[in-house]
Amino acid sequence: MTDILGVPLPLLFGQLLIGLINGSFYALLSLGLAVIFGLLNVINFAHGAFYMLGAVVAWLLLTYFGIGYFPALILAPLIVGALGVTLEKTLLSRLYTVDHLYGLLLTFGAALIVEGLFINLLGVSGKPYNTPQVFAGGFNLGFMFLPAYRAWVIVASLLVCFGTWLMIERTKLGSYLRAAVESPELVRAFGIRVPMMMTLTYGFAASLAGLAGVLAAPIYTVSPIMGQSIIITVFAIVVIGGMGSILGSILTGLGVGLIEGLTRLFYPEASSVVVFLLMIVILLTRPHGLFGRS
Amino acid sequence: MSLSDTSKSGAPYGLTMLYPAFVVLGLVFLLSAPFLGVYPIFLMKVLCFAVMASAFNLMLGYVGLLSFGHAAFFGMGAYVLGHTMKEWGLPPMGGLALATGVAALMGLVFGAIAIRQKGIYFAMITMALGQLVYFICVQAPFTNGEDGIQAIPRGTVLGVLDLRDTLTLYYFVLAIFIFGFLVIYRTVRSPLGQALKGVRENEQRMISLGYPVAQMKVLAFTISAALTGLAGATKAIVFQTATLTDVQWQTSGEAVLMTLIGGIGTLFGPIVGAGIIITIQSRFASMGSWIMVIIGVIFVVCVMAFRKGVVGTLLESGKSGPSASSDT
Amino acid sequence: MPKSRKTPTFCKPIWGPPMPDAPVLQLSDLNAWYGESHILHGVDLRVNTGEVVCLLGRNGAGKTTILRSIMGLVDRREGEIAFAGRQIADARPETIARQGIGYCPEERGIFASLTVRENLMMPPVVAKGGISLDEIYALFPNLLERLSAQSGARLSGGEQQMLAIARVLRTGAKLLLLDEPTEGLAPVIVQQIARSVKRLKELGFTVLLVEQNFYFASELADRHYVIEHGKVVGEYTRETLKTRADELKLLLGV
C-alpha cells in the first residue's frame, strides 16, 4: 500500500517531515515565550526578531568572519541572548510596575528597530546559507528520503526543548524558577535574586529563539523579515496550548507543525490559515488552551 | 495600574473647560486648511487614520483591551469599498455603508472569539485573527492578491457631490471624520461607555452588579471595528486603491502607536497622534525602511518615558497648572 | 525509630543563652506604604536575642505589614530597621534574607508547583549553623512521611505550616518571622505547632510572631506588642499579660 486517501506515501511523509521541522521551530519559540510569560508576565513581541537575529548573525559570522556553522550554533545564540539581557536590564525591567501591555508594546518597538536596521543593512531578499558539509546527503528510510540536515534539526531542537523542560522540572534552578513564577516576592524573601533570574531567563529564552534561527538558516533563506510572520503563528500556538505548561507549549508547537504539513497536502490553500482556525476552535471550546489553567 | 490615568479620576477641569475652544479652533483649522496651503491628500490621510486610531482607542483607552488586529477591519473596509464601487458600480455612500457593515460584522465575530481571554491574551488573539484575514486577502480572488484593487472610481455622492474634485472630496472626508468622532464621543458618554469604564476599573464588581460585561465588550468592539472599516473605506476613496498594506499587521501597529503617542484614553489623543505619525511618515518617506526604525524608536521612547502621550501630558499639566484651581 | 530522634543533638542552643539586653532586631519610627496607602505610622519595637516576641492586634492593624516591611516587601519604607546591628531599611528582600532572617508568610506560601521535598530544600542556606534535615524530621515527623508528595498543595494546612517553618530552619537564619502560624488549624495541630516553636526557642532561635490566637501567643511569647492603626499601642511582658489581661482584651476586642 503506497497511497493514503489517494496521496502517495512518500509525499505524505515528505510533508510530515516539513511539518515536523516547522514544528520544531515553533516549539523552540513558544517554549521561550511561555518561559518569559511565566516569570516576567510579558508577551515578548521581539521573539520573532531574536529568531531572525540568530539566522542573520550566523550568516554575518560566515560571510564576514569565515566562522562556520558549528561555532555559530554556539556564538549566535550567545550574542542574541546578550542582546536580550541588555534589553531586559535597561528597558523592560523598568516596566514591571506598570500595566503589562507596555511590556508588549516595548518589545514590539524593539522588534521594529532591529528588523528595520537589518532591512537597511541587508535588504529584504533572502541570503542563502549553505548546509554544512557534515550534513550533506541523507538516509533512505525505504518509504522516503530523509536529508541528514533535516534529521539533525529535528533531533537538536527536540533535545534542546526537552532539555529545557527537564531543567525546569527537575533541577534546583528549575525549582527556583517555578517558585518565582508562583510568588516572586516570597522567593526574594528567601534570599534568591529574582530580578537577576528574570534577566537571565529573558536572555535564555532569547538565545533559544536565536538557536532556532541558526538551525533554520540552511533550510530557509536568511532574511531580516523571516521573524515577522512566524511570531504571529507562534502567538496563535501559545493561545492554542495555553501558557500554563512548558511541556504543553512544546507539544503544541510540534503538533501545529504537523497539522500544517498535513493541510498543505490535502488542502494547500488553507495551510497558512489552519493554525488560526485551530486557535478559534480551541478558544470556543477550551478558552484557556489545551494545557492551560484558568 | 490602569493604562490611562488621565480620564480616570475625574476629568481635569482646567483644560476640559477649554475643550469647546479647542474643538472650535480645530474645526476652523480643518475647514480652512485647503486654503492655508496644506496638501489636502495629506490631510485626508491624517483624517482617515485619526478615525481608525480613535476607534482603536475606544477599545484600549475606554475598555482596557489592546487589539492588535484592527488592520483587518481597516483593510477589509478598503477592499469592500473598492470591490463594490469598481466591480458592482455602487455609489460612494453605498460602498461606505457596505464596508462599514462588513467590518461591523467582522468585529462582532472577532469580538465574540477574542473576548474569551483578557489582557495580553486579547492582544495575541486579535493579532492572530488579523493575520488570518490577511492570509485570506492574499488568496481571495476579489482582492487581486499582490496587485490589490487599483483605480477605484471616486463617484458622486447622492448624485450631487462629485468626489473627483479634490476640495469636495476633502470636505466629504472631513464630514466622515466628524461623524466618526461624534460616534465615539457619544459612545464614551453613553450608559454603555460609563459601564465600560466601570469594567476597566473593576470587572468583577460590574459582573456581580449584573452587567452583561461580555456583551458590552463585544458591542464596543463591534462599534470600534465598524468605524475602522469606515476609515479604511474612506482611505480607499481618497487614494483609489485597496492593497495588502492596509490589512497587514503593521497597520494595526500604526493605530497602536498613534494612540500611544497622542494619549491613551483621551478623546483627542489619537487624532493628534495620527497627525504626528502621518507627518513623520511623509517627511521621512524618502528614507525607505529607516522609517521602520524611527517608528520603533518612537514606540520605545513613548513606552519608557511618555506613557501619557501628548494630550495626556497636556491634560496633566493643565490639572496642576494655575488655571485648574480657578475652574474648580 | 531513626537514631537522631533518640539522641537529640540539636538540644544545644546554637547561639548561646538569651541575652535580653542585646536587641537582634530594632525598629525605630518605621513607616510603610502600599502604593498610596500609608499603613505603618511610626512603629518602634525591639526583639532581643533568644526571645519570642508576639505582635497582637485586630485584623488590619498592620501586624503583617510590620513583618513584610522587615523583609522589604512593601512599596516604600521610612525609618530605621536594625538587624544584628546593621541597617536594613534600604536593603532589597534578597539581601535582607541573606543577613539571616527566615520568613514564614501569611497563608504559609507553600509552592504548589514544587514537590514537598523541593519546597523544603528551596530556601538557600544563608549562614552556617542551620538545623540538619534529620533534626528537622525529628521536629516535624509528619513531614518525613509526606516528603514524596508530588505537590506542596497536596499537604494539609497543618503539614503546610510545618513545612513552611521547617524550610527556613535549614538556612541558618537566626531570626524567624512567623505570620499567623495557627491560622485555620485544628486545636490539636495548634498545640503541635506551639511545641515546635517552644523547641525552636530552646534551640536558640529568636522569633517574631504575628498571632490572632491569644492563648497560643500568651503560652509562647516572652513579650507582646499590641498593634493598632499601624502603631504600637501597648507592650506586655509574660507577667504583666496576666495582671493586665482585661485591659488587653479590651484593646484586642476579644
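Read from first to last, the chains carry the letters A, B and C; within each, the first residue is number 1.
Throughout what follows, contacts are C-beta pairs under 8 Å (C-beta built on N, C-alpha and C of every residue); 3 or more make two chains touch, one makes a residue touch a chain.
Being a predicted model, the structure only gives us computed values, none of them experimental.
Visitor: Using the touch definition from the top, list the chains contacting both subunit A and subunit C.
Guide: The shared contacts of subunit A and subunit C amount to nothing, since no chain touches both.
Visitor: Find me the chain with the mean Cα position closest to the mean of all the protein Cα atoms on display.
Guide: The chain sitting closest to the overall C-alpha centre is A.
Visitor: How many Å are there between the centre of subunit A and the centre of subunit C, using C-alpha atoms for each centre?
Guide: Going by mean C-alpha positions, subunit A sits 44 Å from subunit C.
Visitor: CA centre of subunit B versus CA centre of subunit C: separation in Å?
Guide: About 55 Å separates the centre of subunit B from that of subunit C.
Visitor: In whole angstrom, what separates the CA-based centres of subunit A and subunit B?
Guide: 32
Visitor: Can you list the residues on subunit A that touch subunit B in the complex?
Guide: Residues in contact with subunit B: 37, 41-43, 91, 94-95, 97-102, 104-106, 108-117, 119-120, 228-229, 232-233, 235-236, 238-239, 269, 272-273, 275-277, 279-280, 283-284, 287.
Visitor: Write out the stretch or stretches of subunit C touching subunit A in their complex.
Guide: 71-73, 92-94, 96-98, 103, 105, 109, 111-114, 118, 121-124, 126, 168, 171
Visitor: What part of subunit B is in contact with subunit A in the complex they form?
Guide: Those in contact with subunit A are residues 1-3, 66, 113-114, 116-117, 119-121, 123-125, 127-129, 131-132, 135-136, 138-139, 249, 253, 256, 260, 288-300, 302-304, 307.
Visitor: How about subunit A: which of its residues touch subunit C in the complex?
Guide: Residues in contact with subunit C: 172, 175-176, 178-179, 181-183, 185-194.
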